[in-house]
Amino acid sequence: MAMFDLPLAALHDYRPALDEPADFDAFWARTLTEAREHDLAASLTPYDALLPGVQVFDVRFRGYGGQPVAAWLILPTVRSGPVPCVVQFIGYGGGRGRPHEWLLWPAAGYAVLVMDSRGQGDGDTPDLAGDTTPHHSGLMTRGVLDPELYYYRRLFTDAVRAVDLAATLDDVDADRIVVAGASQGGGIAQAVAGLHRRVRAALIDVPFLTWFRRATEITDSYPYQEISVFLATNRDRIADVFATLGYFDGVHLAARGTAPALYSVGLMDDVCPPSTVFAAYNHYAGPKTIQVWPYNRHEGGGSQQAPVQLPWLRDQLT
Amino acid sequence: MAMFDLPLAALHDYRPALDEPADFDAFWARTLTEAREHDLAASLTPYDALLPGVQVFDVRFRGYGGQPVAAWLILPTVRSGPVPCVVQFIGYGGGRGRPHEWLLWPAAGYAVLVMDSRGQGDGDTPDLAGDTTPHHSGLMTRGVLDPELYYYRRLFTDAVRAVDLAATLDDVDADRIVVAGASQGGGIAQAVAGLHRRVRAALIDVPFLTWFRRATEITDSYPYQEISVFLATNRDRIADVFATLGYFDGVHLAARGTAPALYSVGLMDDVCPPSTVFAAYNHYAGPKTIQVWPYNRHEGGGSQQAPVQLPWLRDQLT
Amino acid sequence: MAMFDLPLAALHDYRPALDEPADFDAFWARTLTEAREHDLAASLTPYDALLPGVQVFDVRFRGYGGQPVAAWLILPTVRSGPVPCVVQFIGYGGGRGRPHEWLLWPAAGYAVLVMDSRGQGDGDTPDLAGDTTPHHSGLMTRGVLDPELYYYRRLFTDAVRAVDLAATLDDVDADRIVVAGASQGGGIAQAVAGLHRRVRAALIDVPFLTWFRRATEITDSYPYQEISVFLATNRDRIADVFATLGYFDGVHLAARGTAPALYSVGLMDDVCPPSTVFAAYNHYAGPKTIQVWPYNRHEGGGSQQAPVQLPWLRDQLT
Amino acid sequence: MAMFDLPLAALHDYRPALDEPADFDAFWARTLTEAREHDLAASLTPYDALLPGVQVFDVRFRGYGGQPVAAWLILPTVRSGPVPCVVQFIGYGGGRGRPHEWLLWPAAGYAVLVMDSRGQGDGDTPDLAGDTTPHHSGLMTRGVLDPELYYYRRLFTDAVRAVDLAATLDDVDADRIVVAGASQGGGIAQAVAGLHRRVRAALIDVPFLTWFRRATEITDSYPYQEISVFLATNRDRIADVFATLGYFDGVHLAARGTAPALYSVGLMDDVCPPSTVFAAYNHYAGPKTIQVWPYNRHEGGGSQQAPVQLPWLRDQLT
Amino acid sequence: MAMFDLPLAALHDYRPALDEPADFDAFWARTLTEAREHDLAASLTPYDALLPGVQVFDVRFRGYGGQPVAAWLILPTVRSGPVPCVVQFIGYGGGRGRPHEWLLWPAAGYAVLVMDSRGQGDGDTPDLAGDTTPHHSGLMTRGVLDPELYYYRRLFTDAVRAVDLAATLDDVDADRIVVAGASQGGGIAQAVAGLHRRVRAALIDVPFLTWFRRATEITDSYPYQEISVFLATNRDRIADVFATLGYFDGVHLAARGTAPALYSVGLMDDVCPPSTVFAAYNHYAGPKTIQVWPYNRHEGGGSQQAPVQLPWLRDQLT
Amino acid sequence: MAMFDLPLAALHDYRPALDEPADFDAFWARTLTEAREHDLAASLTPYDALLPGVQVFDVRFRGYGGQPVAAWLILPTVRSGPVPCVVQFIGYGGGRGRPHEWLLWPAAGYAVLVMDSRGQGDGDTPDLAGDTTPHHSGLMTRGVLDPELYYYRRLFTDAVRAVDLAATLDDVDADRIVVAGASQGGGIAQAVAGLHRRVRAALIDVPFLTWFRRATEITDSYPYQEISVFLATNRDRIADVFATLGYFDGVHLAARGTAPALYSVGLMDDVCPPSTVFAAYNHYAGPKTIQVWPYNRHEGGGSQQAPVQLPWLRDQLT
């Protein structure tokens, strides 16, 4: 059915009880402390993208475990003093791509720091953790039997460190750092908003990685389906898997977010079903607003989301 | 799921509150008055279909805006005096086809007037309105941002005029004019039953164009999906679209029908979901009966519907 | 690919070498002789279809093994003397249906005798042979390991007897009996044209049951796929199956047809691929013409085929 | 939706009211009495499968109507005295296959008697009843308009006789006969558990043939869909069909089972939806336990089911 | 099959004989002359997209028949003197979208003029021609029975006028006008390169509207399939349709192109099959190069195409 | 099309020219030498599968890089002296499973050593190499940019070491070691037959990992499609990928096989197309025979393959 999830009125009230691991905050405090023991060791190499309107740097910094993470830093060529910086996270399976794909924020007068997703995309950022637990093809179940080893522990930590990096950049106004992303990128932005005090605003579009159990019960679509397929084979590890996912569930992370957040959701989204988005949104602890797209699927607002975000963001940053 | 809509008992009680435009009746009164200012200017050209058992005429008359509309008039060759006339409307995408496709009613002793659907089928009847508002591929959204320009304003008006035409024909008994159709044809028949006092009986099979909003929320199937696809792109026009559709919604039109009506519905119909059919049926204001086909989809009664209709119709016409 | 089979020019030249069983003619002579040892025992019961324009009889006659076969006989109510009779065969899975589905030929001034297909359709004609050899779901492989037991031996024999029956009817002109059908019906018509001297003309649309081996190698579509699925399991019976099918292959039967025949074919037909149709057509031994529909699939000419057939048939019968 | 049926908690409470035919028990008593009037006439022919670890016999015995039914009897070559015997039934469309497919129970120290399903599989066991009522392609509707003629009357009777046969075998301990199967095989095992007092234990995996009406309303998947397709054409026989199915519905048969039973179910099973399985399980009248596989479809426990069954079965048999 | 079209070596040699209408050049000369009799009447309204890095104008000009066409003109805010201008055409079904979608060329230091496609996209540019011939849903067959009325006559003419417009703009260097587009946009760019002498360079990605007949014979994918579907119904108009398409076929237009062109093609592209692209490329009359993407479908080079285009274009423009 | 690849006669002649890396043999000699520098360090732990007919050991040994690899060793409980041993490899995505799935060879009187596939299946054998090059989801492209790092270097080496292990086992006759597998397992068996002198016979069913380039060009099916998807994104690495695959291509490995081999192939197999199988088979350097299954897809002989293998293997081993 077209609108297969709860009706909109029920979505606005959908605030399921949280079931957080007892040591959730300790887990993340320890994880981030360990990561910060590694120097960022950022390198910014000028990159000629044949685009004189922007200044492009090929960036490397140290993320989880001190492992190298790639990024693009792209700034408007013409600027007067430090500019706000959008730290941009990427959808599932993709990477930082090419600089010319990230011209929106520089045209708006901001810097953008586009973080590569380890082990995804074109391979500038390997995921060095190896495979020490069984997992289904894909990343959703890599290390899922142990919170210490789960893939998203590493990726979320990289993302926190990307914000750390942005705050150190000469051309960036460290008080105006924004996190942004759609789908997996929205899930990461949501996580960082819950884990990093320096976030000034969050743009969280059709977020993935949120309210895992319901997601696996209500949709057959990938990538949540990677978890279901794993559990179809590893029939005796269901409790273990959800125990791990509890440390990474967007519902728990949203409940720790305090920066203003602009969410979006598609009411026909079978990839990130609206009840999973609203579960997080309704728990989000900061000022918030949500853009509902009734007849859209996972594309959400598509190219109409930026016109919603630009004025909202301008208001947050001034 | 096979029976994805409401259970049958709930369908019989499903009578959603109407939300009619305030000027609904004025809109249609004005529309039809304007159309009737054009002379019907009917032409009936004998057509040799190599079928001696019937008499076939290739018909043209003036419909909406005085624009030409094609039709077939087919009568039993052997008849004694004026006969009842079934005005037949066509499913979405089709046209009046070939005369040999319309032999049922003549074999039953009736005339049949098969109205072409403008802009559909083989092209004997163009839709001359042009495209002055955006629309998705297909006709469901042609002009949908303005009730004056909406495609079905023109098509429903053509249909009313077809009944006007039937009443003028020498060989037709003007007191025994029936409207009939399935799917879009059923939606048109339902509309004409609500708009034209001369209708003696209505055969409304698996009607389309009925209870639009729920249809777009409960099914992904075409042609309702054309509306959803349009709204997925024209995200800011949702209210406008449904404001327009309010003038054409079968639920509102059914509530104005007074002639005896025989409906049919398939409980597994994903094209015209049963709740949309029952919404109209339960509001239908005349004597009515509905043939429920529990294990059928949009084919409804298929070739078993005619054996239901023939005796019912005989009873209405005698 | 859209036109996945041979190009049209090659199709016109496609005349594969025949590989007939040595006793092909003896097999059929014996089969038909045995069937004709049973009296036709025809019964014609008037049937009130509420269609005064036609006269309808519910027919039973004895076909293969003297087993009862149902049919409809439908004649124009107004007629002067015996009329030509079209013996109509049905597509796979269907049966004789309802009388109102067969109004074309009576409107054209002919009788039509619509033969039920044993074991198909609504069940007025059971297939009494039982299952003594393995077969995949469906009829294509029922008895396929033995020519004596193969389903189509019984069905083709029924069809020959239906022509016998037509020739005995008072209202039918026994010199003007036509066989007609599409898909399986076309395959049956083609078979009867090869097996019965009394056929005056044959209308063979998109015939099925023709050039079996190539069909199974070039298409995945049902019903030919039933054979492939059977052979996928019965891996050691491939030669046996094709040995049986040799007695029923439309290529072999067409090579024995002498009455004028009007074929049709769709160049994008994946159900009855064009090379299988042309293989039979090019071997057909009587006067012949073929209507090629380049952009059509298994629907072939659809409702445009009758306008091609009516004048051709008129010419044959006068 | 992934978990499209009732939530697990509701499934445990799902115990729909039974609607049994008044003569249900009489029907089955008569049916089995008639069958037992035929001598079993068992033949056991040694078969060289090139597998020295097991002793294989190609078996024939007389089932329904005294008609021959094939089976494999496979015993561990090394054994001391009579062994328990698992009577194994097969999933829809399959047959007894090859001996090397049935090595589990012999490796566990049991005999296995693998009963062929008449008219299914490779064809060692024809279904001799013929087709005297209409049916859709497939077996689900063969004879479905008459309980006397319904296919599963014959197949269930064969299965009861297979247990009779097992009890007569020299190498089998007649007090330790187990019935087992998955899907159709589970449905047969469930039926035999309800019809035969000699069953010591039942292994009923993802059973089919259970709670037919709901199955046809909640799933589009085959083989239940065969019934829906039949009813889509035979629109006027719905009540007749369910009247027949009442004699064969697993819910009614389960309510008569008394031997200990181990069920399994997949919560995402669209072929045998979990509510249909629980409907039977909750009515099952003997000691029972159910293995729930939350993220599995019709594969249920797959290769992890045997490790669940082996210790359970050992406990039942000692 | 993955690479379903000709092998790469054969593609490089694939140069099918042209079959141009005799009055091809006269047709287009007359068409363009008529269009140029209407003043461009360009209006450029500043538009605040909240993107200070670029200067945006909402443009209207008069295209075919003097009818209004919308466009975006986007220039780098910082520039010294007139800049080259890329006239950008859009893929099938889309429109000019939002300004923030067109930041590539301004970032590269060029102006971009993004032409709306009449009757497509969000509706800023209606197609005022009305429907005077039958057409299948979609634009591919709108007016296809008459070259004068065919949709692409209007759209190609709009595109020629867009180049005319670009040449009049103060901030644009009229000697450095580039046409660009992918899919339908590539087909339009190819057409304009063949029809307008002022084009300095052409970027033609995976072009559509090229070698129509083969396209309909080799692929089932939309939008070429719109033609096939039309011909499946309008069985008697095949020759007429291809007669019309001859005036618009990219193969004929490419043969008239003289500006340097950079093509791209995906060898697995089922939407615009590689043989149809190479047919045009091999006939293209100017300097040319083609970027082959062996493992890509209709996405062609995707985001890797711009890095190929930027240096090539820089070389053409200096 | 059903038989989409070359006709059978052409397949028997299909022997494409090899394009081996110059250092192919050196690469493998070095790889295996390095692996053998690690002690096998085999552990055999008795495992109670509740199957008294067999003796089961949970095995660990050191494979590539000295990393631990899991296996099952299953022997007939009753045996007299050392038995032949089948080293069994597994299809893509699966692992060694449960002991009760591997009862065929013990029932035939042989031992079976079932090797887990690192990083596949239930996770008893992790793939410790980490991800240092980009790869698409799935294993086909893990490390594919560097022969040293490619996943199958590790897996093939594990497999060679599994044969080494088998030869050390007390209960195994080291002169009668057989390699066997289907799909990926067939590809591994084929590789080991080319890399290990101790192989006495090879059972190679529908082998995967063979003639990679053609496979990616002729089929869209997974897992070969993983390579195509990778190349669709990594457009500039096509040559690098095939350079790596050259070291692992079954065609090159088959050309080094000398033990008798029994192949099988399905002529409709879209997963491992027949031309890729025959390319290897025709290059295979030892005595060989191939079982052709004309109407089968990737299931090949299914359960009918064992009855072919058992007598063939008995002949090889005596």
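Every chain is named by a letter (A, B, C, D, E and F) in the order it is written, and numbering of its residues begins at 1.
Just so it is clear, a residue touches a chain if its C-beta (ideal position, glycine included) is under 8 Å from a C-beta of that chain, and two chains touch if they have at least 3 such contacts.
Worth saying up front: this structure is predicted, and the values here are computed from it rather than measured.
Identification of common neighbours of subunit A and subunit F yields D, E. Centroid distances from subunit F, each centroid being the mean of CA atoms, peak for B.
Chain centres here are C-alpha means, and the one lying farthest from subunit C is A. Two chain pairs, C-F and A-E, are weighed by contacting C-beta pairs, with A-E ahead.
Taking the mean of the C-alpha atoms as each chain's centre, subunit B and subunit D sit 50 Å apart. The distance from the centre of subunit B to the centre of subunit F, each centre being the mean of the chain's C-alpha atoms, comes to 63 Å. Between subunit B and subunit E the centroid-to-centroid distance comes to 40 Å (mean Cα coordinates, whole Å). Counting partners per residue, subunit A has 304 as the residues that reach two or more other chains. Taken pairwise by the contact criterion, the protein chains fit none of the simple patterns, being neither a path, a ring, a star nor fully connected.
Across the complex, subunit E is touched by residues 49-54, 76-78, 97-98, 100-101, 103-104, 106-109, 303-304, 306-307, 310-311, 314 of subunit A. Those residues of subunit C that touch subunit D in the shared complex are 93, 119, 121-124, 126-135, 137-139, 233-234. Only residues 4, 216-220, 225, 228, 231-232, 235-236, 238 of subunit B touch subunit A when the two sit together in their complex. If you check the complex, the residues on subunit C that touch subunit E are 1-3, 268, 293-297, 299, 301, 304.
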